[in-house]
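What follows is subunit A paired twice: with subunit B in the first complex and subunit C in the second.
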Partner chain A sequence: MRKNAELLLHWKKKAYRHRAAYLFVLPAVVYFAIFGFYPLASSVWLSFNRLNILISPVPQFIGLQNYWYLFTRDHHFWLVFKNTLVWVVGSTLLQVVVGFLAALLLNKKLRGRTIFRGIMLVPWVTPIVVVGIAWRWILDPHWGLMNYYLQRFGIISDYIVWLGRDDTVWPMLLLASTWKGYSYMCVMILAGLQTISKDLYEAASVEGASSFHTFFKITLPLIRPILAITLLVGSIETWNNFRMIWVMTEGGPGYSTSVLSTYVFTKTFREYQFGRGAAVATFSFLFVLIFSLIYLKYTKAEE
Partner chain B sequence: MNTVTSKIPDQQWRKLRQRRLMIQNIIQGGNYIGLILLSIFTLFPILWLVVSSLKGPAEIFSVIPTWIPRDFTLRNYVWALGATGPNLPVFMKNTLLASTFAALLTGGLSALAAYALSRFTFPGRRMIGILLLLFQMFKGPLVIVTWYRLAWNLGILDRITILVLAYAALGIPICTWLLIGFFKSIPEELDEAAMVDGCSRFKALYKVVLPVAAPGIAAIVLFAFILAWNDYIYALSLTSSARAKTIQVVLSEQLSFFGQTEWGGIMAAGVITTIPVVVLFLWLERYLVSGLSAGAVKG
Partner chain C sequence: MSAKSKLGIFLMAVLCISVLFGGVVWGRTVVHYIEPGTSEVEKARVERLAREISEVFPDIEMQVEYIGWPDLNDRLITMIMAGNVPDFVLQQDFLPLARMGMFEVLDSWIDENPMHGVTRDIFVDSLLEYSMMDGNLYTIPALGVPYGLNVREDWLNEAGFTLDDLETWDGFLEVAAQLTKDTSGDGRIDQWGFVYPTGLSRFGWRHAEIMAHSNNFYLDEIGENPEKGSELLDFLLDLKEVMPPGYMTMGLQEAFQAYSLDQVGMMVAGAFMPANIITLSGGPEALIHTRAVPFPKGPSAEEFRVPVNNSGYAMFAGSRNKEAAWQVMTYLSSKENNLDYSAQIALPTRKDIAAGEHGEAAAFYYEDYGDEVVEANARFLADYMDIMAKYGIPRHKLLAGERLEREFTGIINDYMAERIDADTALQMISERFDEIMEEYQ
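The block that comes next holds the complex of A and B.
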């Protein structure tokens, strides 16, 4: 009993000593507990319940049945999961590659690069719905630029319904997402490039190293840590990137471009299966969390 | 080095130098071509959107695309702003209200938290930092089910209030993170000097640090505004009528309603929606870009 009281006193003293700090962070922490942590926890809890808002607003505990349903009986779940992997790997890699090229260019003393930096970020701030409008107009089967130019240059013979065919819809989604996202990657990588001392490059050039060599022997090794973080942040962003796909295809045609994040929405707000939607969300969340932890451990171990 | 080069005959040396210069020129040329190609790739969808929004229907739906409108018209913009079309002003007001309140809430809470996290060492500081990063990653579709139920239970579904709450939750982690870096760049001696002169912590913050930090905090508030303005998923799932629906949701609805017939009007509406954020962002670019990337370099 006395020990407990002492401990309590100890904590009280500690809290008192740091009272100013706690007072400052308190509002944000409380806000976050309510509107950040609670939704996440509640989402996990809901995934163990049956809740169809059309039938009854009261959740009913059913254990793991939602997961069981998704993994064994849902016709689309594994397709959606596979799509998610393709989407995350494809979109992130393309964004990083184009972003890297842009960063290398911006790191050089070229005239007009400050203007380009401004231009580059325009797609990134453009509202996603407007991005959808712009690209759907370009890809329009009748009046779109894509069909017109490709036919004129003899690459295709007939007009293509780009977003309506299983084999063309993914490349077009990747094109649009690269356009939207590469500048963010570029900004990150550029910040990394600028930390590399100019002396290193000068030394390499004095020694007569080719730019090819310089890139692989100096730039790449030195930028690896920041590249690793950029890849991780980019993958997680893409994993949760509901909006790009929703404004372009809404996951269609059929379910061929549905990914976990759009599937949550479909399950919840199209089928009103809140429990199953929450199960998809929880599965998605756990997968990303575990992936991130493994990734971080692996990249840390390597350094 | 010099001893080596002096052994090479003069003429050969000049030739070598010339070759090297030529290669450098080629590389430089390649760089410029790369920059130009990237600019074209980046700009053409936006440019095409703007150009198309200035055309009449006959020219929009023509087999051969024109990059300079032949019959320049503002009719699409009239449609976009008028009641026969999407009636944008109503929804713009909703978006403006939601984004403004969310930005102020985000700015206030983030500034307080960031000040503490950058100035004090206290138990739990690291934990809070990590949680902030984590929640930056887990948002949107993962929690949307709960947000819907939360709004339902509180009776604020389809109200601007729920959007304000959601957008603040969306913005606080990243904004706090950006502001920590910003506060760290303000010398601590400043608050210490104020406290030596008899100010309390709060007074030091309020009277001395805040005026210095004002531009940074303003930039963050505007950034939070952009985040909220550009949101799609929260507004799509939490609002359903003109009472709270945002401009993004209305635009996407218009696209599925009128997609085939009113392309021009929809594109004009898109341009109207984009202008405020692009202008704001380009104005703030220098502050934000260095802040965003500083986090990556340190992380």
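The block that comes next holds the complex of A and C.
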């Protein structure tokens, strides 16, 4: 009892001593509690309830039934999940590869490098809805630029319905997403490249190392932490990237190009199935959380 | 009492008064109206009306908030749940909110307080019927929207056909096949007979629903009408031959573009087509040659069936200014206002407005495009008024509409891409519809 009282006193003293620090942190904590934690907790709670406001506005606790429905009876959930993996893995990897190449180029002493660095940021600062609409027009099967130029240069003979064929729709969505997202990767990687001491490259050059060896033995290992974080941020960003797919296909026809983020929106705000929508959102959140923890542990990026 | 305390009491008093008398500004009742039309022309009309209402009703002020059609219901639900209840709204798909109890039942209002000559019997029957759910009236019809087949009559005539040849599905396919051709002589087809845009579920469903109507059944009842459903699926597959290859990526807007750019000769739409194509390149020229007919009859249909719906004014159950809202709603439904509004974009909902009168009123919105366009538009609207009066049948209002639309469009795209056959498609549609409908019973 006495020990508890002493401990309490100790914490009180400590809190008083650091009161300024706590006060500075307080707004952020309150903000997170209201706009981060509460909606998240509310969404998780909702996922254990039946709530379709077209049927009844009162939530009814049903345990794991929403999850059971998603995993066993929902005709589209696993297709949507597979689409999400294709979308996230494909989009993030392509963005990193293209961003890496652009960063290597912009790290060299080129004439007009500053201008190129500015131009490279254009996709990043262009609103995603505008990018989506522009790509839809480019890929239009009847009057889009893609078909026009490919046919003009003799690469295709007939116009292709890029967003309407199974074998072309995902490559095209990934192309649009890569164009939009590579510049962020490029900026991050470029920042990493600029922290590498030139002495290392000079020493490697004196030792007669080839460009290949320099890249794999110096550049890549030294920017690995930045690359790891960039990949993680990029993949979470893409995981939640609702707008690009929504603008280009609305997740359709049917659910054929839906990903988890569009599926949450459709289920919740189009079909008013709040309980099932919350279950999809919670599953999506947990998947990203577990993936991030494993990824961080594996890459040791937290160090 | 300190200055701080006085200020606190004053602010508290202001807050209490605002809460108690919310919606009243200096003796005037503020009616909060949600307008889903967001084009400049529509906004200009609504703002003019708001000024007019202040003059006609000195004790009422109409405050307008614009929320586009696609987000309308989502936003309304959010507003109501947050306690910010507007007074009335223009609604098309009123069923979800009515089912949630968010809309006022208007029967007693229209029967006991028929202002500005607004009574039940002034409205076109099929349109008034569309405004009802479970025998109760939820909206006052403001715009009549019949759906039919819009046709380039000049192309038909050049190919040796007339509008009368569009009597049956077979006749329609024959015409569409003749209109599908290579006009530039480069060996590629660049003109098609028809377009059924299945890129967006909303239109993938709606256009098939119109075709189902023309074969004497409701699309949501396809499971109970397997033979008629099978005929529809066969017909849809036949359509592939006469449609642009990108139909499965098109929404209605893209279909309108194709129509106005002389790429497509016929498409399903409504009386709202002129407002949608007039500003597009080639739109006015296309409109000059456009006529409207009922969608041709399928093999199981004896007569034409034209699905209709309306946009109507709905009052919120939680409105705090119902009397004032009703005054404004009925004022907007007066003959003069119904004529003016419908002339802009669709058809009138009142029986006392004649086709000629409507065409003349519509001229105001199209006069910048020349006399030919004005005349063509009047003729086109008269076509629709005629077919709505003769063959109009209210569309089914479906609580699970969005889910049915997505399921149906997904399956139809697989079917039309020949990934599944007709029997499988029909079975899948029936089973999925049954599953969904069961949840809502």
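The criterion applied here is as follows: the second predicted complex is superposed on the first by the 293 of 303 C-alpha atoms of A that agree within 3 Å, B and C clash if a C-alpha of one lies under 4 Å from a C-alpha of the other, contacts with A are read in each partner's own complex, and residues count from 1 in each chain.
Operating definition for what follows: a contact is a pair of C-beta atoms (placed from the backbone, for glycine too) under 8 Å apart; a residue touches a chain by one contact, two chains touch by 3 or more.
Since the structure is predicted, the reported quantities are computational estimates derived from the model, not experimental observations.
Chemist: Looking at the superposed three-chain arrangement on subunit A, would you call subunit B and subunit C a clash or a fit?
Modeler: On the superposed model, which is not a single observed complex, subunit B and subunit C clash.
Chemist: Examine A:Ala5 and indicate which partner it touches, taking first as subunit B and second as subunit C; both and neither are also allowed.
Modeler: After superposing on A, A:Ala5 lies clear of both subunit B and subunit C.
Chemist: Quick one: is A:Val206 in contact with subunit B, with subunit C, with both, or with neither? Answer first, second, both or neither.
Modeler: A:Val206 sits against subunit B, while subunit C stays out of touch.
Chemist: Give one of first, second, both or neither to describe whether A:Phe269 is in contact with subunit B, with subunit C, with both, or with none.
Modeler: The answer is both, since A:Phe269 touches subunit B and subunit C.
Chemist: With the two structures laid over each other on chain A, which partner does A:Ile226 touch: subunit B (first), subunit C (second), both, or neither?
Modeler: first
Chemist: If we overlay the two complexes on their shared chain A, which of subunit B and subunit C does A:Trp246 touch? Say first, second, both or neither.
Modeler: Touch status of A:Trp246: first partner only.
Chemist: Return the chain, subunit B or subunit C, that is in touch with more residues of subunit A.
Modeler: Counting residues of subunit A touched by each partner, the higher count goes to B.
Chemist: In the superposed arrangement, which partner chain does A:Val58 touch: subunit B (first), subunit C (second), both, or neither?
Modeler: In the superposition, A:Val58 contacts neither subunit B nor subunit C.
Chemist: State whether A:Tyr22 touches subunit B only (first), subunit C only (second), both chains, or neither.
Modeler: Once the two structures are laid over each other on A, A:Tyr22 reaches subunit B alone.
Chemist: By the touch definition at the top of the document, which applies to A:Ile155: first (subunit B), second (subunit C), both, or neither?
Modeler: neither
Chemist: Of the two partner chains, subunit B (first) and subunit C (second), which one does A:Ile128 touch, if any: first, second, both, or neither?
Modeler: first
Chemist: Pick out the shared contact residues on subunit A: the ones touching subunit B in one complex and subunit C in the other.
Modeler: Shared contact residues on subunit A: 57, 140, 142-143, 269.
Chemist: Give the list of subunit A residues in touch with subunit C in this complex.
Modeler: My answer: residues 52-55, 57, 75, 140-143, 158-159, 161-164, 166, 249-250, 252-256, 266, 269-272.
Chemist: State the interface residues of subunit C toward subunit A in the complex, per the touch definition above.
Modeler: 74, 77, 96, 99-101, 188, 198-201, 204, 244-246, 248-249, 254, 258, 261, 263, 399-400, 402-403, 406-407, 409-414, 417, 432, 439-440
Chemist: Note which residues of subunit A are touching subunit B in the complex, please.
Modeler: 14, 18, 20-22, 24-25, 27-29, 31-32, 35-40, 42-43, 46, 57, 98, 101-102, 105, 108, 110, 112-113, 116-123, 125-138, 140, 142-143, 145, 148, 179, 183, 187-188, 190-192, 195, 206, 211, 226, 229-230, 233, 236, 240, 242-243, 246-247, 260-262, 264-265, 268-269, 274, 277-278, 281, 284-285, 288-289, 292
Chemist: Within their complex, state which residues of subunit B touch subunit A.
Modeler: Going through subunit B, the ones touching subunit A are 1, 27-28, 31-32, 34-35, 38-39, 41-43, 45-46, 48-49, 52, 60-65, 108-110, 112-113, 115-117, 119-120, 122-123, 125, 128, 131, 135, 137-150, 152, 165-166, 168-169, 172-173, 176, 201-202, 226, 229-230, 232-233, 236-237, 248-249, 251-252, 255, 259, 263, 266-267, 270-271, 273-274, 277-278, 281-282, 285, 289-290, 292-294, 296-297, 299.
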